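We just call them A, B, C and D in the order they show up, numbering each chain from 1.
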Amino acid sequence: MGAQRVARVAVVGYGYWGPKLVRNFAEMPEAELSWVVDLDQARLGRVSQHYPAVQTTADYDAVLRSDVSAVVVATPIRTHYRVAKAALEAGKHVLVEKPLTASSAEAEELVDLAERRGLVLMVGHTFVYNAAVRALREIVASGEIGDVYYVDSARLNLGLFRTDINVLWDLAPHDLSILRYVLQREPVSVSARGSANVTRGIQDVAYVEMRFPGDVIAHLHLSWLDPCKVRRVTIVGSRKMVVYNDVSETEKIRIYDKGVERPYETDRFSDFHLAYRNGSQTIPYVTVPEPLRVQCEHFVRCARTGERPETDGRDALQVVRILEQADSSLQNGGARQPLALFRDTTPIALRGEKPHVYAN
Amino acid sequence: MGAQRVARVAVVGYGYWGPKLVRNFAEMPEAELSWVVDLDQARLGRVSQHYPAVQTTADYDAVLRSDVSAVVVATPIRTHYRVAKAALEAGKHVLVEKPLTASSAEAEELVDLAERRGLVLMVGHTFVYNAAVRALREIVASGEIGDVYYVDSARLNLGLFRTDINVLWDLAPHDLSILRYVLQREPVSVSARGSANVTRGIQDVAYVEMRFPGDVIAHLHLSWLDPCKVRRVTIVGSRKMVVYNDVSETEKIRIYDKGVERPYETDRFSDFHLAYRNGSQTIPYVTVPEPLRVQCEHFVRCARTGERPETDGRDALQVVRILEQADSSLQNGGARQPLALFRDTTPIALRGEKPHVYAN
Amino acid sequence: MGAQRVARVAVVGYGYWGPKLVRNFAEMPEAELSWVVDLDQARLGRVSQHYPAVQTTADYDAVLRSDVSAVVVATPIRTHYRVAKAALEAGKHVLVEKPLTASSAEAEELVDLAERRGLVLMVGHTFVYNAAVRALREIVASGEIGDVYYVDSARLNLGLFRTDINVLWDLAPHDLSILRYVLQREPVSVSARGSANVTRGIQDVAYVEMRFPGDVIAHLHLSWLDPCKVRRVTIVGSRKMVVYNDVSETEKIRIYDKGVERPYETDRFSDFHLAYRNGSQTIPYVTVPEPLRVQCEHFVRCARTGERPETDGRDALQVVRILEQADSSLQNGGARQPLALFRDTTPIALRGEKPHVYAN
Amino acid sequence: MGAQRVARVAVVGYGYWGPKLVRNFAEMPEAELSWVVDLDQARLGRVSQHYPAVQTTADYDAVLRSDVSAVVVATPIRTHYRVAKAALEAGKHVLVEKPLTASSAEAEELVDLAERRGLVLMVGHTFVYNAAVRALREIVASGEIGDVYYVDSARLNLGLFRTDINVLWDLAPHDLSILRYVLQREPVSVSARGSANVTRGIQDVAYVEMRFPGDVIAHLHLSWLDPCKVRRVTIVGSRKMVVYNDVSETEKIRIYDKGVERPYETDRFSDFHLAYRNGSQTIPYVTVPEPLRVQCEHFVRCARTGERPETDGRDALQVVRILEQADSSLQNGGARQPLALFRDTTPIALRGEKPHVYAN
């Protein structure tokens, strides 16, 4: 099958993310934004005002019957499964905002369905399409920082509070997709603790601990309730340390040539024989094209060519499984939950290869 | 009994902290630094060079038999108990570097001994004598930030690795003394996780969670293995948020007039009815005299007058008890340990009163 | 004359600023963006792609004959005069990008022409429409910082180098409009020094000194050749100091309650009798709507109602006069040039009043 | 003549700098601090308390008759000449706080006297002994940043106001010694402007422009009246840019691999053909031992061996000459003053060689 010239795209949901997606697809030469679907007429009115050429409707079924080849799902999370499933059943390629679904059972069903139908199922793990995250992965993969000792991540801000999901389901998909992509490993266990300070039953602060193979620990601090906007990942290695600061305009990545040498074994009790290294810091120049644009372009290319997305359904499923176990831990006092993520083939994002084309 | 004119002081241990203590006592008019004790002759030589008037010795017993009225213990932690006990038995007032002892049993014994003998037993929880911490306590106590929701603390740096104790015993005493002092509450449970990356069996990174009465959670990140020096406490309240950044010279305390209002109850499922407040930030001017000096002066006054120290033995004991339970959790996969800290009377530092004079 | 319902707008020039202006007018309900004019067909093609409803042409005269009521000039500076004059002669209201013209003679002619014809002539001194600058003016006007001692401004970056004008004509219009607006005074003299490091004859670094009534000195550092992006204005007053940092997202304005009291007169030679004040810092919360949008909306309102713009032609003329004298000083080794700016009535932006409606 | 085992040192003046000097000489094995001289008995009492072994006196002549070999002058600037001259006439090596004297005539006389007598005359240009400044000089000298385009320096703070000299004489010696040392060139002209905001006749804010051979401009901003403490030197080169930030603990030097290529000549008027480079930033690790200690040790070595100091009398004289001309410009509206600094041999600090030993 040859690649389609353009992908005809429908965007479903015009709330918080929808407008950003619509803008990107509207500006993309390889895409033709045909439809925007929402139940709210006022929102559809805004679409028509800005994009007179785009059709709007509250009737999703009509769109599924149309000739669009790709559906983008930006509805509330609890509806992801239903909206995406209908699209796949109608033979459309699908991009779903993160997290893919509200449960791993739903995610598994979508993955199976997409694979059976030979359709693209992609999730919007936007940070995987962020050039700074890609640089971070290269730095770690190159061995420059040595063995990874531990990872500490903080994703904090005041707001946006959500009432349908807690801070874990809202923010952890970012860290889970980043860390798995950068470390190229799947975690083997997870635990989480947190508290619901503002809305009863909705945790707005959470601390997550994940263990990865090779004794690597990753710790996440997630909060909707912090005075400062923080989006920072610190990776401490045996040779160097690297910080990815997404909030900075000019210093996304900083590499610290510093560390401590493991002491050689001695047969007597000793005080200090650790050797500290304290070298220069380097801030590589990283240009970051809008990650959402890169993501949308990737989806359009996959939809046109059948290429397997870097953040495909299986990748999304792993994230939902971890979220599910983390949330279970969070509701149960922080007990550590083992993860069994390797039943499936390793998602493409973890394989360290260039994405390749689906055989279908 | 009237106050002594000056306190004659001996400092035991001239390693890392010893020289700082010696400098402070040497410069203090109300103290007369009489002796420095260390087993290492080279160190004692350095004392003699800088302070020709101070006597030096490796014979601790001789010092205990001398007319010094106060002994300052800056030896390795595992020896605190033995050195402090001997001093108390010799009728000396005692200041011990933090943590007071390596176990709560040892700490209890010292507390009992000091109380029976009517002697001052003080621990060097230096941050309690830090003017920024005192300002933080006042801000919280005044109600300005509303109810405390949660506390997040980070104490990170590269080095100084220790081989006798892990990062928890090394750094957590600071946070435990700060948080108990600022919140004026004792924690009811603690859990800790961490990893030993450099030296087998010595955790160099730890995450601690404490629960305080009133559903307040405090989370500590402690690390000897981070590229950046961080000493930050964030307190999120229902009305405002405050950050104490000890590393900053000019912005120790910053108050953020921002927050989220708890939503009123409605009988229907709603999307967003949270009201965000985003007001000004204030950085009060805080002059911070050297906390170690303030601490040493407090000890000298207590030794001269019999006044009870703000960080007395009972305060120190509480910290050791929490450390013990946290370490137990750390060695056991992070299980949450209940704390029974209130068997004793509340330490003075938690009572929100002015320190008063011992009746003895 | 009643206000027009909408202003029909033509934008002339679709280079660097043009697209930003077009986007704003396209999104504004009170404006109808009718035409975009440019000599470059490729650029016009991009307009048509994004805004199919907008007409494009290289024939400016045709647009002047059309029913547009307002023309926005975003062409190279040397053409401002010619393009704006033609528009005014055709009876159109005009908004010109800063600086208004390449010489004060040209500016005077445009001002006269607009006033004779009763048309709006406005210049795009965008920072006057920046909420942080308005807050700065209020802070100074309120007397909170006391008497203004001096102002130091830095506007630095790497690039964008221009080959038609030097850094003074490029960047100083920002500072001149900001300072005159904030201080509500006109400078009485100006001097400038600089150097042309990259392109012969085009200064890329300049230092400007202006003297204002009341012994207030303002100093500007302008550079296209600095490693850091800086846009900072510091105003030192007799009671407080305030910094406006346009680059910061969260701390646009910071007020420092610090200063030095002028010493009382004594009849003997004395060492130090200055009293330093060092109080809190305050960062007021300032929401900054896109200044270009505010500016464009202001122009549309003025074009519809005949209201006099805050940055009208006379305001623009003063800036061009200062630029002219500063450039003259720059080309002559930094000699101080007196300024005679008050021949005209004070521009509205300096009057500290609400803008009022033109009588015409 | 062989080197003396230790230098016997007298410190004259125990005001602001004196105690710092005394501490350093007291701790230095190669020095024997014999005397501290001050007219104020209370100050001398403080010396005796801290340093019982040091003799104190108000009788400077007695000290000059004693066997001290080196005199350190930390008195008010107007007395430097007299105090230093007496010491040289008594055959003592002399270190004088910066600036060396209040006039170039005085400085010339001291230089002549020291050279005739074969004595060390050194000035306390402390920053020359700062490891970060030395690193900066190496970076520039290595050619890494290409040709130097311009230098911008800011030295700002609130206080310490002085009543004997203006901000130029107080702060500019730092910049003058740093820039001459780093650029290894002498300026050819200087101009200065400023204002006296707090104390009549004492400028507290000054802007200085210096021209160096090779069309290099250096601009200094000096202020006692700024809300922020700034000590920053930016050097823009044709290939890279470097910032020396003395206030930062961890980032004293930052090298920016960014710049603009000079355009090739074309025969037609063109828009933009500049190529921007935007590469990585590097923060070399620089350990900075206390510069005052390094300076004092250097003086002691010179006093013991007769080695010529890096900041000798001729170096100090050049700085005083520039200050004198800059101050003249400051008092005369900013006129540019030519400098004739090369009458003497180039001072050692400008020669790019290792310091060598005096032939005497």
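To be clear about the criterion, a residue touches a chain if its C-beta (ideal position, glycine included) is under 8 Å from a C-beta of that chain, and two chains touch if they have at least 3 such contacts.
Values in this document were obtained by computation on a predicted structure and should not be read as measured data.
Engineer: Note the shortest touch-path length, in steps, from chain A to chain C.
Structural biologist: Contact-graph shortest path, chain A to chain C, evaluates to 1.
Engineer: At the place where copies chain A and chain D touch, is the share of residue numbers found on both sides over half (same) or under half (different)?
Structural biologist: Because over half of the interface numbers appear in both copies, chain D and chain A meet with the same residues.
Engineer: Farthest chain from chain D, comparing Cα centres?
Structural biologist: Chain centre farthest from chain D's centre: A.
Engineer: Once you find the CA centre of chain C and the CA centre of chain D, what distance in Å lies between them?
Structural biologist: The separation of the two C-alpha centroids amounts to 41 Å.
Engineer: Report, in whole Å, the distance between the mean C-alpha point of chain A and the mean C-alpha point of chain D.
Structural biologist: 54
Engineer: What is the distance in Å between the mean C-alpha positions of chain B and chain D?
Structural biologist: It comes to 42 Å between the two C-alpha centres.
Engineer: Would you give the residues of chain D that are in contact with at least 2 other chains, written as numbers and ranges?
Structural biologist: If we look for residues of chain D contacting two or more partner chains, we find 258, 278.
Engineer: Which of the residues in chain B come into contact with chain A in the complex?
Structural biologist: Chain B residues touching chain A: 149-150, 152, 158-159, 161, 163, 191, 193, 195, 197-199, 205, 207, 209, 215, 217, 219, 221, 223-228, 234, 236, 238, 241, 243, 254, 256, 258-260, 262-263, 270-272, 274, 276, 278, 333-334, 336.
Engineer: Over in the complex, which chain B residues touch chain D? Could you list them?
Structural biologist: Those residues of chain B that touch chain D are 27, 50, 52-53, 229, 250.
Engineer: Looking at the complex, which residues from chain C come into contact with chain B?
Structural biologist: Spelled out, the residues of chain C in touch with chain B are 251, 257-258, 278-285.
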